[in-house]
Amino acid sequence: MRFDLTVLLPHLDALLAGVLLTAEVCALGIVGAFALGTGLGLAATTHGWPGRLARFYVDVFRNVPFVVQVFFLYYGLPEVGVYIDAFWTGVMALTLVGGAYASDVVRSGILAIEPGVVEAARVSGLSRLSIFRRIVLPIALRTALQPLGSVFVNLVLSSSILSMITLDEVTGAARGVAAETYRPFEVYAFLLVAYAGLTYAVSLGVGALHRRLNRHLVAGGRA
Amino acid sequence: MIAVEGVVKRFGTQTVLDGVSLTVAPGEVVTILGSSGSGKSTLIRCINGLERLDGGRITVDGLDVANPRQLAQARRLSATVFQLFNLYPHMTVLRNVTLAPEVVLKRPEPEVAAEARALLASVGLADKADAYPAQLSGGQRQRVGICRALAMNPRYLLLDEVTSALDPEMTAEVLAILGRLASQGTTMLFVTHEVEFARRISTRIVFLDQGRLIVDLPTADFFDPARGLAHPRINQFLSKMTPVGERP
Amino acid sequence: MRHTGFTVHDGLLLAQGLGVSLGLFAGTFALGLVLGSAAAVVRHFRVPALGAALHAGLELLRNSPVLVQLFLVFFGIPALIHQPLTPVVAAGVTLSANTAAFVYFIAVAGLDAVGRDQVEAARVYGFSRAQLVRHILAPQAAAFALGPLVGLAVNQLQVTSLVSVIGVMDLTKAGDILNLRTLRPFAVWTMVGALYFAAAKGLTLLGHHWERRLRAHAPPLGF
């Protein structure tokens, strides 16, 4: 059999629908993961029980395979009366696991802030909330931007696993096309390159944004 | 008035401040001298509420800094300039200066910005308002630090080794500004190693040794061989700080 | 009548599955370690063509979903070569190659951290390339790479959970089977998750233990 990508042409619409579904579920998952990760990351820097709880959460979600998390949410929760469809299960799963990884990144970003900068804000009389909103978070997110980008790229790659709970995102759609055309090599090779291209584009974009946001922070550094 | 009464501060088993008492009245420039590790910076950090006291009491115009409510009030009365500048790296120079007056004192933005620009101009940084801290030299950053403190219109200026991280040229830049502030009657509590400069601008000098305040004298008396200099620790300290022929 | 309670055999099934997961992980991680390091050395010595080709291929593997790689190997390659692959072989090939991709990038960073000046110094003293790798590059790069490699190992252990989708009888597949019989997905996936969690934590502890021991022998980078 010859390697022939044109066999995919009649199925482009199915693949495109899959791409759109991937984009939707990932976009929502990334927004959720960002919000959850920021909250957890902040909590994880504290000493009391919120810190312990946040660190435990991160530990669990980083050390259990994503497939198992997805199966638990999709097949396990209905047993206790919680029914969520495949799409929203996917969004939730990406949010929960992405939040765990993002939280570690945000936490390191916060811990990397020079204590003196926060002290300056404290003695000037800024409230805790103001300090967090105006000083800590903006600085931490600038540091965290690039690693956050990798977290989100990995989230997009992980979203392929949602095909295992019947969600016909691009990997699910590709399985259908592979079965119909009997050309699995072309289908999956194309899909692999497409994912890689997408992640490459995202990391380029994040890199550019990072350089833009940090152009003032790097020149010269500390005295 | 800043009143420090019998303050004790420990880090673990180490006693950093051991019953220190001190007052700073409006109009005074009080310099704290002492070798490294004598507790000078810790004292400043106790006054602005960055460290919790293990004993004694500090009040700023009657406000007890150990009480969170009163500390918030006290922090509007004093402003601190730090050794390592501690500027907000993600904000422009102008924003560094205007942030607290706008957010804490809730003053209108245009007025605060105009005042900040005037302050920056007065320290020779008129053209740096839109620069970011990382783009400035150390001396320039510390001048911004001073503007940031002055923008709060503080009654008391707390200066924590503000020239220790600077080379001699930049130190001169910053000291010139502080000298001017002193001559304008700004009340200052000044932790420094610049003995000669302290001698010129201070009304009083106190000497900390291993957490104890061993001398508190008017400047002239401090350098009097029969008074301050008669103290062996001070004599030893000053002979180390001002090697012959190296300083004017 | 359907037997839906949990029995002792279920414990054995899970233990067997865990064994398959751990074995697959250990084998593919070891292989990936060797292949990835070798590729990094090829890159380090700037072997023309081969270096660039390896780099591009491994970049592709690092930036695409493992699930798609698995499908490409298990469904795609047999279609191309008209020769079926067993699930275990397909899983082994995919996971080894995927691990190699991540090891490669960690090792490249480690080798770069050693610094060209040391390499030049060794050349001047007449070290052969093999001696250079063995005595100068490998020990220092390994010390640098240890932390990231422990993180990678924990990650790759979890990635093995995907092989259940092509029919390898790993821990996730055991969960699947158990689930079909007991219809208790909540309990089953919690148990499976807990087993993965325990394995990952054990691996982390082991990794940190080795890290400490090796660090004690290898001097830190720099002088």
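Chains here go by letter, A, B and C, matching the order in which they are written, and residues are numbered from 1 within each.
The rule is short, and it goes like this: a contact is a pair of C-beta atoms (placed from the backbone, for glycine too) under 8 Å apart; a residue touches a chain by one contact, two chains touch by 3 or more.
Heads up on the chains, UniProt names are B = Polar amino acid transport system ATP-binding protein; C = Polar amino acid transport system permease protein.
What you see is a predicted model; the values in this text were computed from it and never measured.
**Q** Report the topology of the inter-chain touch graph, choosing from line, ring, star, complete and other.
**A** Drawn as a graph, the chains make an open path, so a line.
**Q** Which chain would you call central, comparing Cα centres to the global Cα centre?
**A** That would be A.
**Q** With chain centres defined as mean CA positions, report which chain is farthest from subunit A.
**A** Taking each chain's C-alpha mean as its centre, the farthest from subunit A is B.
**Q** Hey, how far is the Cα centre of subunit A from the one of subunit B, in Å?
**A** Roughly 46 Å separates the two chain centres.
**Q** Centroid of subunit A to centroid of subunit C, CA atoms only: how many Å?
**A** Chain centres of subunit A and subunit C, defined by C-alpha means, are spaced 21 Å apart.
**Q** Any idea how many Å lie between the Cα centroids of subunit B and subunit C?
**A** 56
**Q** Please list all residues of subunit A that touch 2 or more other chains.
**A** Within subunit A, no residue contacts more than one other chain.
**Q** Enumerate the contact residues on subunit A facing subunit B in the complex.
**A** Counting only subunit A, the residues touching subunit B are 114, 116-117, 119-126, 130, 134-135, 138-139, 142, 216-223.
**Q** Can you list the subunit A residues touching subunit C in their complex?
**A** Those in contact with subunit C are residues 1, 3, 60, 62-69, 71-72, 75-80, 153, 157-158, 160-161, 163-164, 171, 174-175, 178, 182-189, 191-193, 195-196, 199-200.
**Q** Considering the complex alone, what residue numbers of subunit C touch subunit A?
**A** Residues in contact with subunit A: 59-60, 63-69, 71-72, 75-77, 79-80, 82, 154, 158-162, 164-165, 172, 175, 179, 184-186, 188-190, 192-193, 196-197, 200-201, 204.
**Q** Would you tell me which residues of subunit B are touching subunit A in their complex?
**A** Those in contact with subunit A are residues 48-50, 72, 75-76, 78-80, 82, 84-90, 99-100, 103-104, 132-138, 141, 148, 152, 165-166.
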